[in-house]
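Can you read through this structure? Questions will come right after.
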């Protein structure tokens, strides 16, 4: 089994996640798409770890997970805060910095 | 290339299309809850891929942390926030969607093309040697020697994030919460006395839990204030009309 | 302790002193500022007397490591050129403080801030002329903009904010080009004997540069200085800034800060890039001549007295630049002397114009009339200053202007001839405001203007004294300037043209 | 050459007076005029003392020099503040201080009612000092200081009553036109330094012997421009008429006797240059000849007594310039005419002042008439000056003008005949316009405006007039007796070889006297023996109209220089604002505009930004794709 196939898969998932970030308006869905992109990146790390025969890739993937967890925690807290004051979870409504 | 050689290949060619379809579905489904479930599926597939690639620890962590904790967090927040009525898939920013899709197709195409060009030209080494002492042990070796400093930093980050989330989510009242007495006074002093007796309660028909059925006003129309706004927004409100006598199923069923 | 460092430290200490005086004791603050600036002036004069004019090397040298990893030193020292300019700066500052006694009031901030800015500016004025480390020079060159920006923007009149911003942007633009050149020099020095910013070592670097490199680096410096000095067509920031600033600020701006431009042309352009200077001389002389005539015409057409003075300065700076690039001892000494004299004659003009404007509440020439009958002393002060500006023989500017013209004529006769037409235009641009503002019947609104009081007389008297005394006896300054000028030209490899008709006879 | 230590005081005394009077302010109102007069007189005394010292020495040693200090010294450009008093300078020193003192005395009375009399005397003293510096400087640069100094004093004095806008304009005009001349002097000095390496008279004289003709011609022409500016010679003559705005004593001292003759001094002082530069010399003659006719023509039509006299001054200086252009033969004669002219013209201006004093500052001669009866002393002194200027023997003007005409005829060839005829024609015109002034003012029937009570002036005013009148009568004879002045000046100008005489001396004298008779007769017929209108008649010949308008000199200057200059200024002002600064502002506006355009991409929608990021990533990856191809 050619491990490069995992890379193609990761590329596809990453792209799909990126599109999701752009087209979806619900902040939580946007967030989930970002998670998807991070996971795609993790998949490449794991695959390269296998290709190169070292565990460093897995270590970095591990760190990525931690950072992603932090990001989710803070990001969701922000969403909750915004929702509390604006009664909306749409990213389009949070455009106050425009002016 | 496409010949099926190993169990891993079989697994890949089955699961990979499914994960891509699930990812695409994430974009296309209307309800955030469905998106979350599809993402959970993608994550589980990825966990399987990790394990298939000799990353046992990561695969487990992926399932436990991501699918278990992070996705639960998402769902929890979704419940907290409720389903936004504006969560439609029609685009409001002109031209954004075609631009995004074109850019994404180009990006993905180029990405794939690049990967195909950038093959190392040698077979994968495999992790048999690295995992000789076991995957977890190997990772631990790295993590607590070479990467100990990033490890500590990341842990500090995690704590900071946790604290930050608490601070953000903590809602400081700027004015004292009105007491019942004050609320009562306010109700009586408001423009009409309609609210003086409190909001109408839902559920006039006992055969249903009735939280999602609005009360009826004297003229027979539904009283919108009698049910939770969230239910209404989510579209879970039931028409009280459907409980009118003519509509009711008269057949008596035996309750056990 | 080193005299130059002392001179630079005194105003800083003074500003700290002022900082601890309560803001509401305005008089005390003014007195402190005056005392400090006078003290600096005395130090400057003492330095002047301790200077050995026969020695062409830098004197009062001090060098302390500042940023060793880049070879940057706090290095100061003076030769005849910088000493003259430092003397001018330290003499003008107390005069500015005394003459503009009340101009700090009514600004955006308190009087305290005003005098702290003035004192900080004084430190930088001394430093910019004394620096012998190119990086130190650059830092002060740019840092000087800050106090001036706030002085114009905070205490000026009219469209002061816009003028201040324009001044700042123009100067920053030039400074940026210069920074690029300085870095270029630094890199070249690294490849040829070690990274340094020392001007003496950098002046050897032109031997290692291609002519293209040298030309480009030269332009970086020159454009910065041409903006500062203002040379046509980079002058348009000056009238606005000078007209919007308080008179005292404008005196320091025109009198001292702009001199940094012409000073830099000698100290950096010529010393660091002799071949490029030679290449660009025809262009620069042309620009200088245009500045002379152009500035004069615009001064004639000016309706605001402060703008008029600013335009006359553009004309005068044309003379200075022309003298520098004529590359003759007369031109060089004349230019250096011109810098000093222009400082005083413009100071006199601006100070008096400021008094006129503050009394009348307007600086439009048309609003004045017949002041000679109402305020004779003020009118006379303006008249003498004006006469100095048009280079009347017997007043200081004449000596320098004539030296510049003679020095230029021996090498570039055409330029000198065209520039000489400037003296006719000078008569016009001074006499037109004199006629409109001082002569004629006293127009309504001017009948009750008060004449100069004692403080103002005391402030203007030394300026007048310098203008007249140096007109008849410029030797004290020329004795200091001449060896330096001769030395610079000698290093450049220039000799004065011999008299064409008696050569060989 | 003899060194002296006391020359500086000649200048220092009046200079000190001027400074004291200006600085002392109103406190000096009571005694200021006396101090100024005393200082001027003591300067005159010192001049006499120097003359006596000079007379004791051999002619070749009569030049005194004094180095005060080193003024400007840069490289090879070394100019000392040095003074030179030689036979030429002493003539001027005595004229300046002598006539100057008389005019100081006159002004004490003339200006007694002016609240600013002290200031007036300060200016007068300043003028004396500057003029002395002009004639005593030992180099062109020192001369230049005095040259501009007198220009300044002239400016201040013309504009003494500058509360009248017209007077203020007149003073400015004088200064600016003088500056054009000064520019010529600057050029001359620059050329001298660049080519000869020195600017002292002695140095230039020595170097000129080996210098090329082209150089000397250049210097000469530039000096001529300078002289034309200061001496109101064609084409820089237009300021003199307006300069009559100043108080009459000023007109007498500065714009008749002394300052305006500085140009002649400059040319004669630079004789060694002009002698070696025939082209420049020819130009001097042409300028002199043109001006002499030009001024005389203007003089025939002027009704303002001071302007008529000013035109006459212009014309007479034209005579001097012409003489100075005739080379060694003419220098001394030019100086002689200059000195005699100094006496009679100053006397006549003072007379005019006296008339104005008695006629409530009326200057229009058509409003005078029959004043001889009321102002006998003025009449007589003015009359003596009149006789001198038109050249009636044995008055001073006869000797000097006669010599000029003779020298002009003797210049040789067609040039001689042409110049001689022009000088003769000038003599006719002079006789005509001066007779006209005389007749209109003193002898014709009275045409006063109402409420006029003409009276003789006080003694302080008529005493100087008497002294000057005596000078107008005697100086000509004294100077020519045994060619006294010519011989006196020989060490300066060099001896001139004998010329072939075109016409014998007596014939020239006869011609000159005939010219005077013709001119005077016409004027007498026209003004004494026929009715004169109190208002200037309008139906006059085109020539008269032109002459009244100063032969269009102002119109010419205005249309050729002033208006185009104003237009140019306006254009430049607009151009500076719109083009030069406009370019700068355009840079700013471009930045602002670009910002405004780019701001549109900042919609505030996070999703747009993420789309941009996506596009950025696409570009990046496309870049990588292209690079790695």
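By written order: A, B, C and D. Residues from 1 in each chain.
Following the convention adopted for this analysis, contacts are C-beta pairs under 8 Å (C-beta built on N, C-alpha and C of every residue); 3 or more make two chains touch, one makes a residue touch a chain.
Computed from a predicted structure; not experimentally measured.
For the criterion of most C-beta pairs in contact, the winning chain pair is A-B.
Relative to the centroid of every protein C-alpha atom shown, the closest chain centre, again from C-alpha atoms, is found for C. Our note on geometry: subunit B versus subunit D, Cα centroid distance of 102 Å, whole angstroms.
The distance from the centre of subunit A to the centre of subunit B, with each centre set as the mean of the Cα atoms, comes to 13 Å. Distance from the subunit B centre to the subunit C centre is 71 Å, each centre being the mean of its Cα atoms.
A separation of 94 Å divides the Cα centre of subunit A from that of subunit D.
In subunit D, the residues that touch at least two other chains are 603, 605, 607, 611, 614, 617. Touching of two or more other chains is recorded for residues 18-19, 22-23, 25, 92 of subunit A. Annotation, chain-chain contacts: A-B, A-D, B-D, C-D (touch as defined at the top). Subunit B contributes residues 93, 96, 99-100, 103-104, 106-107, 110-111, 113-114, 117-118 to its touches with subunit D in the complex. Residue ranges of subunit B in contact with subunit A, taken from their complex: 1, 5-6, 8-9, 12, 16, 19-20, 23-24, 26-27, 32, 35-36, 39, 42-43, 46, 49-50, 53-55, 57-58, 61-62, 65-66, 69-70, 73-74, 77-78, 80-81, 84, 86-87, 91-93, 96-97, 100-101, 104-105, 107-108, 111-112, 115-116, 119-120, 124-127, 129-131, 135, 138-139, 141-143, 146-147, 150-151, 154-155, 157-158, 160-162, 164-166, 168-169, 171.
The part of subunit D that touches subunit B in the complex is made up of residues 603, 605, 607-608, 611, 614-615, 617-618, 621-622, 624-625, 628. By the touch rule above, subunit A contacts subunit B in their complex via residues 1-9, 11-20, 22-26, 28-29, 31-33, 35-36, 39, 42-43, 46-47, 49-56, 58-59, 61-63, 65-74, 76-81, 83-84, 88-90, 92.
Those residues of subunit D that touch subunit A in the complex are listed here as 602-607, 610-611, 614, 617.
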